[in-house]
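Labels run A, B and C following the written order; every chain starts at residue 1.
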Amino acid sequence: MNKKKIRDLMGEVMSWLASSITIAACLGIIIYLFNMGHAQIDIGFLTNEPATTLETEKNGILTPLVGTLLLTFIGTLVAFPWALGTAIYLSEYAKRNNLTETFRLGIDVLSGVPTIVVAIFGLAVFSNPALGFLSSMVEGVQDVNRAFGRSFLVSGITMAVMILPFVIKTCEEALKSVPDTYREASLAMGASKWYTITKVILPTAKNGIITAVILGMGRIIGDTAIVWLTLGGTLRMTGVQPWWRPDNWLSTLKNTGSTLTSYIYFMSPAGEGHQNENAFGAAFVLIIIIILLNLLTDFFMGSKEIGK
Amino acid sequence: MDSLELSTSLSVDKAEKKNQSIRVRLGRLRDSVCESGIFVLTASSAIIIVFIFIFILIKSWNIFAVNGINFVLKSGFDQQIIEAYHAPADKPVWHFGALGLLLGSGLTTVGALLLAIPLGIGTAIVITELSPRWMKGLLQSFIRLLASIPSVIYGLVALLVVVPFIQDNFITSELQLQYIKQFQLTGNSLLAGIAVLSIMITPVIVALSVDAINAVPHRYKEASLALGLSHWRTIVKVIVPSAKSGITAGIILGTGRAIGEALALSMVSGGIGNIPNPADGGVFFLTPILTLASAIINKSESMSVPSINAALFACGVLLLVTCTTLSLFTKIVERSIRRREGLE
Amino acid sequence: MVYSNSGSIIISVKELNAWYGEKKALSNINIDIKKNSITAFIGPSGCGKTTLLRCLNRMNDLVDGFRLTGDILLDGESILSKNRDVIELRRKVGMVFQQPNPFPKTIFENMALPVKENFGNVRREKLEEIIETNLKAASLYEEVEDRLDSSALRLSGGQQQRLCIARALTINPEVILFDEPCSALDPISTMKIEDMLMELKQKYTIVIVTHNLHQASRIADEVAMFYEGQIVEQASTDVFFSNPKTQLAQDYISSKFS
């Protein structure tokens, strides 16, 4: 009798231990980054460009921040309409047949493809000369006729492919959570199907769709593999300078740069930058962004998800 | 609501009627255009995976043509990369063997799963069954946060915390001397890789397990408690077994993540495709290793050499095939859930 | 108002009040339940009969915000006291639910699980014997003896409910609580279960919640009628149906029987 109680207690203690380790890992990482990184953060760090040579200039993360922003913007701009359209088709129009099943299978398999594979796929596709307008052509090398295959545009589109299946799935869940009675009521009033979708279903599913977009943005912001292979290894913007002048924007987009994640990698011992304090500073900024995005999703998901 | 206008009064004059019929027809046209539009989007979403296969297979074709099955049976990837890099352009080296990388991926994944499965299921049990109500939301927020921490941050923290810890506690200079001929013991190792991977995939397993356990009908729990089982025995004997399929799906998803994780592992696992030798005892875990995914990151700087480029794409093929198999396997597991639900 | 009739009393509810959060569910309940008899709780839905039933094996402990005052005695001992072992209580007071709830396991595993969990490692032959006896007691054995290893979810609704009854019997309870066990079943399955209940009362004490008055009149020895959280009338079945004392009971019987 008592033996059984002790066994039960042991089991519960082990479970609590497991969850404590998991939570401690999460808190530990955040506190560690705060400790190591917060001293680095000041206006200069946020508004200076990365130094070209060591020590002479004030080192900052302006261009990595802008790079992250650019990629997030391009990736979301491409992925969102694409994913929402797909989700609408799958949840509102698709009939249960082999074609639909094949579509679903394709999207499911895509969602399981590692980002590093998506990254080399992007590299393979965009080094095609026909797509040279997205980056630039490799010139001056004998017998080489190919596109450079690395730029903000290329990287952003590759990011879109990476988050696409995930955003589709989350949007579709949001659409499916709209009760059928809404559809029936709208259709019964004589509204067309497309009208029902745009004026009834999408507004009702709004929060879920916003959540999908934010989560997708989080994935882009956090990714490094795609940046590494399709944006390359330069810390500063490589387009026509100054990169921020509106007439140089296109050039900036067609050239390379860095993001917060690639900056962290280059500054860390792994990227042989060996400027750990800068890596920690950027990592602290990055984790703050990620935490804010998480709070935002918690807000949009509301109590629905959490209360369960 | 503009369609409601369609059914207004009966006394509309002819011109208005004509107007309406045009509007109706325009509406129908718009509907069908929109429908075909999103159909095209859907088809393109689904067909990307085919393109990925085609492109990556084409880019790596020469490797499989030259090496055949030996690509996965022979080792020495690092050395071959160096040879290929220094080979004269008219005599390129096309012989590669990725066995070391394959074993590296396998060992890190299995090791990470051995840690992450108990951690994940334990945490899921706490979230769903053991914790008080106010705590559940908080715990789940932490799990979501853990899942969204970028891999470069995991890599950074592991590189500057876990790796030095391993170096200080497990590696002595005698040990380093003993193995100097085979590899350098620096703390960048299989063990560090397993540690960082297990924390990365735990939230995936937690999230799916929580969903699966929450989906177990409450009446199973009631039945079990009414039969005199304690809460813990109810969890172990009834609730978790009933959520088995969902938990399995979480584990498979976690496996996919672990196999595909490139960056964090490339930072901490050592970057050299050694094959750990079980005869070395504890050094087995201290061996620097390389996985398929992190090899692509680590060796990408030599990608300008066509044969190295092809070899890295061939690593991509192995990853793609593995992860596709896992996705299909998840589908089968899901189908078995649905079949079971259909019975109820 | 203690019931003064022969037969030893096994459960005694005293001055019980219960709340779900702010909402009062039971007020001032007093009732005695006699050994080896069938006591039926009747009344319109939402009247508190299921709440009282679920108090008898403390299943309401699972409900957030549920609390109660008063006392319930089983064999003269309080089941609500702090140091009472709930698991041991539930072993003595078994329960069968409204919806059949076999586990998603095989029929054999459904029967074996409570045996193994409550009596430790039982020898295989002994285990098979217990399972056979109890499946027979629930008159299910002939229907399933050749497919004990198939999923319990493949059984029909009536068979599932009889499996749940058999499963409840495996742990030798003194009392079995039935929460509208036939409401999800067809008439033939219902008849089978009613016949079985008549058999079971030789060995066990049965408390059944039902809103089927015919069923109550067919099988019950004692009837307690609930209305808005109170017991408005309790009597032996014969007396209750032939000569109800309160107006509420008269109205309820006539409306349900007409």
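To be clear about the criterion, contacts are C-beta pairs under 8 Å (C-beta built on N, C-alpha and C of every residue); 3 or more make two chains touch, one makes a residue touch a chain.
Small disclaimer: the values here were computed from a predicted structure and weren't measured.
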Query = So which chains count as neighbours of both chain B and chain C?
reply = none
Request  = Using the touch rule from the top, point out the two chains with the most contacting C-beta pairs.
outcome  = A-B
Remark   = Per the C-alpha centroid definition, the whole-Å distance linking chain B and chain C comes out as 49
Message = Using Cα averages as centroids, what's the distance between chain A and chain C in whole Å?
response = 55
Key: Centroid spacing, where centroids are CA-atom means, of chain A and chain B in whole angstrom   = 15
Request  = Would you please write down the residue numbers of chain B that are in contact with two or more other chains?
outcome  = 230, 233
Query = What parts of chain A, by residue number, touch at least two of the other chains?
reply = none
Ask   = Where on chain A is chain B touching in the complex?
value = 4-5, 7-9, 11-12, 14-19, 21-23, 25-27, 29, 32-33, 81-83, 85-86, 88-90, 93-94, 102-121, 124-125, 161, 164-165, 168, 189-195, 199, 215, 218-219, 221-225, 228-229, 261-262, 264-265, 268-270, 276, 279-280, 283, 286-287, 290-291, 293-294, 297-298, 303, 305-308
Query = In the complex formed with chain A, which residues of chain B make contact?
reply = 1-4, 6-7, 27-28, 30-31, 34-35, 37-39, 41-52, 55-56, 58-59, 118-123, 125-127, 130-131, 136-137, 139-146, 148-157, 159-161, 199, 202-203, 206, 214, 230-233, 235-236, 253, 256-257, 259-263, 266-268, 293, 296-297, 300, 312-313, 316, 319-320, 323-324, 326-328, 330-331
Request  = State the interface residues of chain C toward chain B in the complex, per the touch definition above.
outcome  = 57, 59, 62, 64, 87-88, 90-91, 94-95, 97, 99, 101-105, 113-114, 117-118, 151, 153-154, 164, 167-168, 170-171
Message = Touching residues of chain B toward chain C in the complex: what are they?
response = 133, 217, 219-230, 233, 237-238, 241-242, 340, 343-344
